[in-house]
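One structure, as structure tokens, below. Some questions next.
Letters are used for the chains, namely A, B, C, D, E and F, taken in the order the chains are written, and counting of residues starts over at 1 for each.
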Amino acid sequence: MEYKQLSGRDFPRFSGVKTFFRMPYVAVDADYDVGIVGVPYDGGVSYRPGARFGPSKIREMSSLGRGYHWSRDVNILERLKVADIGDSPTVPVSQEKTYQKMGNFFNNLMSLNKRFIAIGGDHSTTLPLLRAVHKKYGKVRLIHFDAHLDTYPAAWGCEYHHGTFVRHAVDEGLIVPDKSFQVGIRGPLANKDDLDFVNKHKLNVTTVDDVRNGLNDFLNKMPDFGDEPTYISFDIDCLDPSYAPGTGTPVPGGLTTYEVQRILRALKVKNLVGADIVEVSPPYDSSDITSLAAMDTLFELLCIMSDSKINFTKG
Amino acid sequence: MEYKQLSGRDFPRFSGVKTFFRMPYVAVDADYDVGIVGVPYDGGVSYRPGARFGPSKIREMSSLGRGYHWSRDVNILERLKVADIGDSPTVPVSQEKTYQKMGNFFNNLMSLNKRFIAIGGDHSTTLPLLRAVHKKYGKVRLIHFDAHLDTYPAAWGCEYHHGTFVRHAVDEGLIVPDKSFQVGIRGPLANKDDLDFVNKHKLNVTTVDDVRNGLNDFLNKMPDFGDEPTYISFDIDCLDPSYAPGTGTPVPGGLTTYEVQRILRALKVKNLVGADIVEVSPPYDSSDITSLAAMDTLFELLCIMSDSKINFTKG
Amino acid sequence: MEYKQLSGRDFPRFSGVKTFFRMPYVAVDADYDVGIVGVPYDGGVSYRPGARFGPSKIREMSSLGRGYHWSRDVNILERLKVADIGDSPTVPVSQEKTYQKMGNFFNNLMSLNKRFIAIGGDHSTTLPLLRAVHKKYGKVRLIHFDAHLDTYPAAWGCEYHHGTFVRHAVDEGLIVPDKSFQVGIRGPLANKDDLDFVNKHKLNVTTVDDVRNGLNDFLNKMPDFGDEPTYISFDIDCLDPSYAPGTGTPVPGGLTTYEVQRILRALKVKNLVGADIVEVSPPYDSSDITSLAAMDTLFELLCIMSDSKINFTKG
Amino acid sequence: MEYKQLSGRDFPRFSGVKTFFRMPYVAVDADYDVGIVGVPYDGGVSYRPGARFGPSKIREMSSLGRGYHWSRDVNILERLKVADIGDSPTVPVSQEKTYQKMGNFFNNLMSLNKRFIAIGGDHSTTLPLLRAVHKKYGKVRLIHFDAHLDTYPAAWGCEYHHGTFVRHAVDEGLIVPDKSFQVGIRGPLANKDDLDFVNKHKLNVTTVDDVRNGLNDFLNKMPDFGDEPTYISFDIDCLDPSYAPGTGTPVPGGLTTYEVQRILRALKVKNLVGADIVEVSPPYDSSDITSLAAMDTLFELLCIMSDSKINFTKG
Amino acid sequence: MEYKQLSGRDFPRFSGVKTFFRMPYVAVDADYDVGIVGVPYDGGVSYRPGARFGPSKIREMSSLGRGYHWSRDVNILERLKVADIGDSPTVPVSQEKTYQKMGNFFNNLMSLNKRFIAIGGDHSTTLPLLRAVHKKYGKVRLIHFDAHLDTYPAAWGCEYHHGTFVRHAVDEGLIVPDKSFQVGIRGPLANKDDLDFVNKHKLNVTTVDDVRNGLNDFLNKMPDFGDEPTYISFDIDCLDPSYAPGTGTPVPGGLTTYEVQRILRALKVKNLVGADIVEVSPPYDSSDITSLAAMDTLFELLCIMSDSKINFTKG
Amino acid sequence: MEYKQLSGRDFPRFSGVKTFFRMPYVAVDADYDVGIVGVPYDGGVSYRPGARFGPSKIREMSSLGRGYHWSRDVNILERLKVADIGDSPTVPVSQEKTYQKMGNFFNNLMSLNKRFIAIGGDHSTTLPLLRAVHKKYGKVRLIHFDAHLDTYPAAWGCEYHHGTFVRHAVDEGLIVPDKSFQVGIRGPLANKDDLDFVNKHKLNVTTVDDVRNGLNDFLNKMPDFGDEPTYISFDIDCLDPSYAPGTGTPVPGGLTTYEVQRILRALKVKNLVGADIVEVSPPYDSSDITSLAAMDTLFELLCIMSDSKINFTKG
């Protein structure tokens, strides 16, 4: 099996069966390093649905993906064996069944010593991912890009909607709250007490104001995650609605794709054990720019994973 | 309280807070005859979501609604006290909780001796509506407009998705299967045995072919529902995708809006105890023509209800 | 000056400055037979605006126009000298000023012995057109395609909105009401008394039902307009919203483009002195199909005018 | 009457009859502090129409509004009694009649000692608002966000189009020109003499260049409006077209939503007597991001009004 | 290798890597009966491009495909081994190179005794397909659905644009002109002499008028193609623009999807050796209804091929 | 002949036949200074087509163009005689024929001593433009705005796709590589060796990082092009996809329209002999913001040309 991208110079990028980054579509137990995997579930959203089509559309737009990162000076498709491993089973009608099936799928993946980048799907899908990661690696450090804190309380009697995964991850002991890092956060909030959880657990929250008060300063002050097992959850709504209109609960005043690129490039992470990109809702997109931004983030995440290459061999 | 439409000649139709048909927005226990009520839930769909925005968009497009029906020669807004009674509670993340809350809401509505037209929402919301109707009226005759039979089996381990309400209604004894009537049905099917349930219970299925083999003939042969309690469930995908692109699982080769108008006008129903219009998905619509078709159907359903006026006073 | 269409086989249809039907853009007093002229005004609409962009978009889409009509067996661009004579002056903020400027423009055009097809713009622009036509030809017979009667009363204190031109044309003596012909009309109406004007003046109203009860019968029963000066006003909303989504007040249950073609081809009109196509609203269109339908109608109207060729020479 | 937002955690944000910020819809003479009111008129625009649908769409998108402002540390929905008071009467066909009806409506509102935030509608609606405000408060200081100066001359013989309100406000003595403040202005202009009025009256014009030459500097140099009666008119086209595509006359090179947030947060205004948000044209929007930006601005304006709370009691 | 559709009841239809009809993606020399193959080339179009994305989008929409055909009473996915065999190589910049690569690909396919349904791409791709088919089967009978005759002359010095394949197929002796059959044809034409070729070669042209003068009559009079090698070329623009807005050169007054279904179901073809569906242009589609219509046609074509099953074994 | 813009205050900007900047449409040999000319060809694109509609749509959006540049303090429409000279002949099916026809057209234009701004079309059209310019002026200095280097190798056996013009311009000796200037460039790249050509020829590449590390610094460090014949090729994808979604191969992390304005205003170019704006693909645009950005760039390019006025008289 050769893990090589279908070349756009041989075969035009608009042609062929669409896989993530035009990489081979393989079974979950094949010999790849990093599996890109869809999680097409959007039953947890509170406003605009559609993220169930995220994996399909990002597969399509990632036809525009290329392997060589100019400023990092690395060709990640040469350093890593990247594969499309299809979609996790999900159940549109039932979150509970979705969590069960995702649990089985990702526990298996973890047991195979694979790393993954999951393409959602809404943000309620991150919790089962973190549970599977935790089972293998123990508590991880979380890097969380989002407009929202996702520490919010239950709504309509439901604990597990798309704005709660951080709260559950802390409560279940999946992450180290005070060594985690939230980026892109901004208001408004329903109530001031929505900040209580964050304050209590000393989550490291940074806002758009923090980024805009000098980008280089911000980059320099970011924590160093070193070799500790780290997980990145990237909610596309950390971006401003002009950059990411195709999402469920957009918030004005957000980050630009350039800022996100710079932050991702400056992150000091040597052991990225898993990652996800969530909340891309294609039916609300304009000319697919949101999916394109997701593809670009996917590229950066692969680069960070390739920096962690030493860890792959350790399994 | 005066149940009068806000006039488009006094107040332009694009202005004002949007209520169904520009009728007053009142409490569920006010003294109206027919309550139009939103059911914003789309957790039961198997493909494209978005029907949760059906009530909101149909409220907007029903600004174009008027009261006088030319060929019926009746002004329904003068014959009936029509009101917008808001939306039923629903829970986006959980079908079970949605069914519970809908049950409470509609049981109460029934106990108040009101009639309703529910605006969905996906077709999984019809089952709790029929249960509430059954509680008051016993078994009803069902008139079902749809591309699909909705007698399909469970999927992904879920009994109550948007293609199953007819099966459950039969199994729970809510409707009289062999006195019911399905219109607009067409293929393809997953398997031939998808027809077993229909055959076994002698559901009266008519297809687009039946309609197109002479519309007047078709109208003449439709059953007479007389005074028996009757319920109409109108899935917008009975229409062809060119007439109703804004829906979750469109099927080519469907009905036109004109055919639907003629069928609705020819129905002999003297006791319409409830009705719904479902599966309008605004994010997939083109220039709101699907919502407009829904509005037009709402108008015809109100007319049919006004023919049943005698029953209102009976409570 | 040669009145010849820019050939699509020499110069691709997507290229070049856009004029109606790719015909020459000439001054109003040039030596053409029929001037196609834009009337970009939409201040008279009661719901969705945008018809001000009708002339511009129909110019673009009429790049797809061709001259040879297969079933009529005539190449109208060879029989008639057709030209684009630009747009009438209009004033977006003021209907009164628009009517004045249109009056000047079209009175001048009439005095030059030209015939025109006006491309609106909303239906309130037809009244000044009929006034100019009347000044030259006296009372004309009106053929009126529409979903609406356009005999409606004033609204918000305004006499001249887009639903009133027929009433004013009758009241001002511009048309012969009982020798006129309305096609495509359908409900709903605000009130039954909206029919009083029509009944009183014996307007010849035909509905979609009339067309659908046998198209050939309908065509055979249409009046013969003979040599009498006749005017055709074509409101695009006579078409069903699936065929013409790009309009301001769409009404379900309308005509198809095919039916309109058949009616236009069967009309017995030997002296078409003017015509308009109105209510195309490009911002609400889907893939420009409404403008395309308008272009097709423009083609048929040119054919009818070419049948009236003998009248041109009479001036 | 309780002025409380319908909670998104009880009742999903996509459900229910849409009112501004999900606040109660009350009569104009109810006991609220600030009335949010629609002004659905777009007859004054010179290019793309559609702003008549601004109030309706912003009602819908303000379902995403929340009350707690993080950086201001205030919950405005607790500090102020905010209400949706419906739409002002308007007349689509006639600006003159619209001005009359608006005059009556807003003079009454002023006489009731209410403050308002008007949601347009095009920018020609600001003039009657300023007239009503002036009647109560005398000359006010104007803060004007816009791409355009709006001091332009008459066009097509019309004095009151959407680019003239500042000129009229100065000429009518409604505002203090040299104590006013314009933000976001940029070219191009039709002619250099378009600057004559601005220069003559010493209007305080700041451009995008001014903002981009150091945001913090810009914020620090903004005038202090203190306790003087101040009015904010916010034309959404102050934003760049990427942030606000849904507007009539977009101009590249504009502000970002973040910059607008920072400016609004830094404004020193202790007596905001009225405000408007205009020129949102939903049919030209992409995924409703323009309406979302308007909603965000509405939130900031409410916050500024809540800082002026002391003034409410003074009436 | 099992040629079985991924079940929508196990794995939701929006999930997974997209292949035609959710069938296995296999190598060109695998043991399937019918290969569905993309031909993503649109360099031959004269107006709107975009058909290069046809294969990709139809793969996606064919997720809604099912195997059982109700009125034919056959499950084609059980009768035939259907596979997605990927896309033919194409070259966006060069038609000549595209024809070469397609020639190689399809000659190989033919030599493997496979049948195919090609998914275009524009109509200029049919010529190399017919050449490959001819190489194996000799002259075939052509059934051609289209709005256009495709016998048009060269344009801009180019012989092989998207409106010429029939002319070349006749001239190269690939088809039997007077035993072929054209459906859905309609005007306008550039010139009357565009009919010369058709008349000279006695092509069997039927128009929309022919279909509409009694559908059953039309179906009964269609030729019987018996066991003769037959090829179906389906240009989506045979459909009316309301049913197929997503195409390059739409023509009003076209067929409905229902009419196409009835025609395809009534065709007497016992030896369908190849077929194509062309001119679907996803960027111009509305809610994917054009791709959906293409998917539906693909289903019918597969059914016709399954009727020819006996021929498969002959190779 | 008077080269004067049709005034928006006399004739609304949405009305009239659309020419670039509402300037007169004249023959190529008329007495204008600068001809704006369309090049509607998109056969060279590797992903999304549609740029063939660039000239048509930019004509429409340039109705919003005005002549007075505020910060430059110049009215270019008074300083220069600007005209719309129509479109160059192109051939959609054949790049070779397009190059030939463009060669004839632009060689003629050059021989008439005209300057031009070409509106594409895809970036493969720049090469024949540079060849024509070179024929008259010899080697020119190139200023190239783009996300891509356009020095890429052949693809699918084609030398002249839309990513190669710089390589060919260098190889053919049309430009001075080490005195040229590339702006807005960013990754990713297919391979590191995609940089070999750039390095070998010492192309002056600047990236988005360079711009964002202090805009004023960047502007100050830009080369001075003095009186040397200079050509500007502006690929709209230098802008971020949020500012220019309507393009064929968008790349996240791009420039803003404001940055581009500042760069264009700061360029020291005294002899701009020709320019183009390419890769605007209207079918992929959102609310025409990409075409609007192109119009704005056209305005800046005209300003730069007006600075070169002395050169016009030299011919």
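Worth pointing out:
One rule holds in what follows: a contact is a pair of C-beta atoms (placed from the backbone, for glycine too) under 8 Å apart; a residue touches a chain by one contact, two chains touch by 3 or more.
Given the structure is predicted, the values throughout are model-derived calculations rather than measurements.
Identification of common neighbours of chain B and chain F yields A, C, D, E. For A-D, the equivalent interface among the listed pairs D-F, C-F or E-F is D-F, as over half of the contact pairs agree by residue number. In terms of the distance between Cα centroids, chain E is separated most widely from D. Distances between chain centres, each the mean of the C-alpha atoms, put A farthest from chain C.
A separation of 38 Å divides the Cα centre of chain B from that of chain C. Distance between chain centres (mean CA atoms), chain B to chain D: 41 Å. For chain E, residues that reach two or more other chains under the stated contact definition are 12, 14, 46, 48, 52, 91-92, 156, 240, 242, 284, 286. If you sketch which chains touch which, the pattern fits none of the simple shapes: not an open path, not a single ring, not a star, and not all-to-all. Contact annotation for chain pairs lists A-B, A-D, A-E, A-F, B-C, B-D, B-E, C-D, C-E, C-F, D-F, E-F, with touch applied as defined. On the chain E side of its complex with chain C, the touching residues are 46-48, 153-156, 186-192, 194-195, 207-209, 212, 240-242, 245-246, 249-250, 252-254, 284-286. Those residues of chain C lying in contact with chain F across their complex are 11-12, 14-19, 25, 38, 40, 52-53, 55-56, 59-60, 84, 86-87, 89-92.
By the touch rule above, chain D contacts chain A in their complex via residues 7-10, 12-14, 63-71, 73, 75, 215, 240, 242-243, 256-258, 261, 286-287, 289, 292-293, 296, 299. Chain B meets chain A in the complex at residues 42-46, 48-50, 52-53, 91-95, 97, 124, 156-158, 160-161, 283-284.
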